[in-house]
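Below are structures written as structure tokens.
Okay, so chain A shows up in both of these, paired with chain B first and chain C after.
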Partner chain A sequence: MSKKYIYLLLLPGVLFLTIFMLVPIFMTMGTTFFREDGFTVEGYLQFFKDPYFMGILFTTLRVSVITTIISIFLGFPVAYFVSKMGPRKKAFLLLLTIFPLLTSPVVRSFSWMIIIGKNGVLNNILTGIGLIEEPLSILYTPTAIIIGLVHLFLPLIIITLVGVMENIEPDLLTAAESLGASKLGVFAKVVVPLCVPGLVIGSILVFVGSFTAYTTPALLGGKQRVISTFLYQNAITLNDWQVASIVAVIMIVVTVLVISLMNVLAKKLNPRG
Partner chain B sequence: MSLFTLENIAVSYNKQHVLKDFNLEIEKGKLVSLLGPSGCGKTTTLRLIAGFLQSDEGKFLFQEKDYTKVPVNKRNFGFVFQNYALFPHLTIFDNVAFGLKLRKVGKAEIEKRVMNVLDIVNLQGFEKRYPKELSGGQKQRVAIARALVIEPDLLLFDEPLSNLDANLRESMRVEIRRIQQELGITTVYVSHDQEECFSISDQVAIMNKGVIEQLSDPATIYKYPSTKFVADFIGFKNFIDFDTVAEREGQIELKKGDYTFVIQKDGEMKNISGKTGAIRPDNLQIRAKSAADPLPPNGLFGQVNVTTFLGRSYQYVVETAIGNFVVNQEMAQPLSMGQEVILEFPKDEMVLVD
Partner chain C sequence: MKKLLKSILVMSALTLVLAACSSKEGSKEEKEPEAELIVSTWGFSEDFFRENVYAPFEKEHNVKIVLDTGNNADRLNKVRQGNSDVDVIFLSDYYAQQGVAEDLFEKIDSSKISNLDKIYDVAKAPLGEGFGPAYTIAQFGIAYNADEVKQPITTWKDLWNKDLANKITIPSITSTTGPMFLDAASKISGSKEFNEDQAFAEMKKIMPNVVKEYGQTSEFVNMFSQGEIVAGPIMGMYFASLQEAVPNAKFVTPAEGGYAVMNTVNVVKGSDQKELAQSFINFMLSTEVQEKSAKAKIDSPVNTEVVLTEEEATNMTYGEELVNSLITLDMKFVNEKSKTWIDRWNRELVQ
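Up next is the complex of A and B:
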């Protein structure tokens, strides 16, 4: 078979993605720029002037960024610990790690409602031991969404980090120590920089996942809208597909921007990553 | 003056002793090799000196201070790894500067010292490159530079050349010796390659099963191995367990069955307590026997069992009344299988070992 024909093998995948992804995306984008009277960016302008929408956009961004940061800080030590285990223990711990991913987001969110609700387990315990007088209102706030999302996405960052940490030669750590680095210095100057590729991939997964998540914010957020629940509301409840499309395009653009930003950051932190 | 001492060190993995009652004393400015087969404890010894692992028992004295519990990062020893262990995310400059930055050396001073040490290892102009852009030999030079630049009190090498090809190994070992002598830095060098150790060391410690069998300068070990293990390890392939050993008029008389051998008592050969004679295949003399030949002194009758062509010489396995012997000899026409031969043991080539 000539080399030219090898590219034919790409055809099914390319065709599938073109027909079912690229074309719909461009069609969606197209509809946001055209009205009866021709090309216009009026729809977008209205959006960015609307404090209600901007509030939702920034809440969603804030929730996603905080979720990503918390996941990194919780996931890093766990990944470090797991990566040092023997192969059998490692396989077992990784299985435990991805276990939350195997349960439905609906079930998980309901569990959190039971825990953090006004009369939930957490509040009962805290008032029971006299730590607080009034029950905390966590449920139906951005905090509740963050808790749910961290629970959902922590496994992703742990798995990607274990992947890169496994590939760090143990001799690099001893070498750093022999050159005078303390355990903390080894971690900061060798382990963390070498984890940058994993951190970037993990962060992108968590960020994009949080930014576009629907079920968890819909159930735990209550009246607090995020961008995906806002989109759903416009499309299904209000039947305003024009607005829904604009929201969808904004989501895509934000996602692409954040990913590019992360890559720039990664290049700075680890030029050879 | 001794720089450091290991006293009665014991180390074990999974309740298996790797080192037990281990003692070693090294003088300042010397290059000492630990040589032995894999599993003999040489790398364990080196890692113990570096502080990468702790001993169960015993003491490590460095410049008369107790270093047993001093952590790795406070020891100021340079360590060169078998697989280089360069930091892949740092340039060559930053790799070398790593230890200096941790020591809070000033920027200009770092620049000066890094450039200077890169000069010593012949890697000028490589500062801005990354480790993966370098060849194996260059990487190992960077690793050496990185260990040298902190002006270590002790330099430790863990089989630094075993990942390099043969030609490079030879030039690198000359380089290592040159640097070590130029800077007069005390060095402990671990290898399983005999030639490598012998060629660069002031002293060689031959290790076996967690014990130093012999510690001496290379020439002495080469000529006068003190134990059967050492003799075997450095190429004495023939051993005779003698029934009696007696000293007589400056010579030593050895008996095995009906055969008597006399060897020279060399001034340097202190060990006559051993009862095992050892001789290299190259030093045994072999010739064809004709029917009338009497048994010469220090001689043995035998029969050629196996003949192998080694290139420069032929190797024979000769069967005799007191066991098989391996002999290497250059000759135009090889002896054939089953040929009756006479083996002769030169007076000054056989040594006695424990």
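Up next is the complex of A and C:
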């Protein structure tokens, strides 16, 4: 096969994505701009003027950002530890990391209900040892959503970070130390900047995952809504596809904005990355 | 390359022929039912229905029953979008009325459903003349955990008690019983007629007591058995599962009145099995099926020929007196208003 035809290999994939992803996305977007009386952005204006919807949007953004930050702080040390292991141990530890991904989010949410519920394991222990008198109300609050989401998406950030950390030359660290940097200095000035690309990809995965997650907020969240449950209510219960499409487009735009923002941030932190 | 293509073609042709042969053989050996009846239903107590309703019906009419399960909203939407082949659909009255308003159901020929004569008058055509009957009437009342409340709950108003802060759940406005609870809130405000503003003002007052709204009764059962809630409004038909988890659970008809939830059966427009679908509805109303499902404590009977002992009638909506005492909402009115209510509920109550 000559080199000219090698692009043909891409054809099935591109065709699939065009028909089943690009076309539906543009169709969804199209319907939100047209009504009986032609082109309009009225639908969007109504949304952004609406304090109720903006409330939902900000709750969702807040939950996703906090989830991402916690995941970074929990995932970074773990990834560093795993990347220092020998190949056998590393393979085993990575397997353990991926393991939770093999259980459905529904099952995981239910197990969290058992742990953080009013008569749950956590509250029983805390009241048992006398630390608190009244059980804590964690379940059905945004905190419960964050706990569930961190559990859900932590593996993603660990895996991406391990991938990046493996490629850091040990010689670089030795060089830094021989030039007088302390252990902490090496970590902060050499390891962390070199990990920025992994951090960015990992954070994007966690953020987008949390922003669009449906099952976890639906099961662990309480009275307040997040954007995906709002979308579901409009599409399925109210059968209002116009509003649902607008929400979907807003979600896509927010995601793209956040991704670009993170890329800009990454360039600032690590210009050579 | 050409050779490869040819051999693939030959192979696939062969497989087709083989497949055709084998299916012919199959039909010779066992008599396959000719027709299929697609039934859209919730899916609870499926074992019971499979054994006592579907299997006998399949046998009598030489038909295969195929189930499509899910909650009211999802299943109604499938029919709305017009690309489903459902013949018979089970829906609560709230959702069924939406289907009627949108012209999704066939009119029923009541002369073909002889068992209609045996059921309560209120159940005959709750959606309007010519549409599907209710095959069961459930009572929407209050369940509570007697170990965890200071005083027994006897009225809807008791749910507003400050002692229950963060200890109850209420149905979401998009579920069948949501509008009923809103109506109860209006009653509590002291208004005789339904008063939307006063109802929402009362709803605002109850929100500090609410941990979470429930969209499906299974959520209620979970929260109740996990101790997340101690009380809440629920349909009586699910009380048995609450009692399994919490032995000291109680179900009460509130003093202001319980509400009637009617589950209806309808024939979907464009069904190619209209006759069969009507026979199925007739069978659902038969004394035989009604008695079995009542005794298994699955659905309260609407058939007046069904006789239950006191023990069998516990937790069931049984007897003409009780059925007639239940409040029924005007579902047409509810559907006209539901969009406004959902919007107000979202904006004013959910934060």
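Assume the second predicted complex is superposed on the first by the 268 of 273 C-alpha atoms of A that agree within 3 Å, B and C clash if a C-alpha of one lies under 4 Å from a C-alpha of the other, contacts with A are read in each partner's own complex, and residues count from 1 in each chain.
The rule is simple: a residue touches a chain if its C-beta (ideal position, glycine included) is under 8 Å from a C-beta of that chain, and two chains touch if they have at least 3 such contacts.
Small disclaimer: the values here were computed from a predicted structure and weren't measured.
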In the superposition on chain A, see if there is space for chain B and chain C together, and answer fit or clash.
fit
With the two structures laid over each other on chain A, which partner does A:Asn239 touch: chain B (first), chain C (second), both, or neither?
second
Mind working out whether A:Leu139 is in touch with chain B, chain C, both or neither, as first, second, both or neither?
second
Here the angle between the directions from the C-alpha centre of chain A to those of chain B and chain C, rounded in steps of 10 degrees, is 150
Using the superposition on chain A described above, determine whether A:Pro193 touches chain B (first), chain C (second), both, or neither.
first
May I ask you to decide whether A:Ile259 touches chain B, chain C, both, or neither, giving the answer as first, second, both or neither?
neither
Look at A:Ile115 in the shared chain and tell me whether it touches chain B only, chain C only, both, or neither; answer first, second, both or neither.
neither
Classify the contacts of A:Gly180 with the two partner chains as first (chain B alone), second (chain C alone), both, or neither.
first
Across the superposed arrangement, the tightest C-alpha approach of chain B to chain C, in Å, is 46
State which residues of chain A lie in both footprints, the one left by chain B and the one left by chain C.
none
Quick check on the complex: what are the chain C residues that touch chain A?
73-74, 77, 80, 166, 174, 207, 210-213, 222, 226-228, 339, 342, 346-347, 349-351
Complex contacts: residues of chain A adjacent to chain B
169, 171-172, 174-182, 185, 189-190, 193-194, 196, 270-273
Where on chain A does chain C make contact in their complex?
52, 55, 113-114, 117-120, 137, 139-140, 221-225, 233, 236-239
State the interface residues of chain B toward chain A in the complex, per the touch definition above.
50-52, 72-79, 81, 83, 85, 87-89, 98-99, 102-103, 130, 132, 146-147, 150
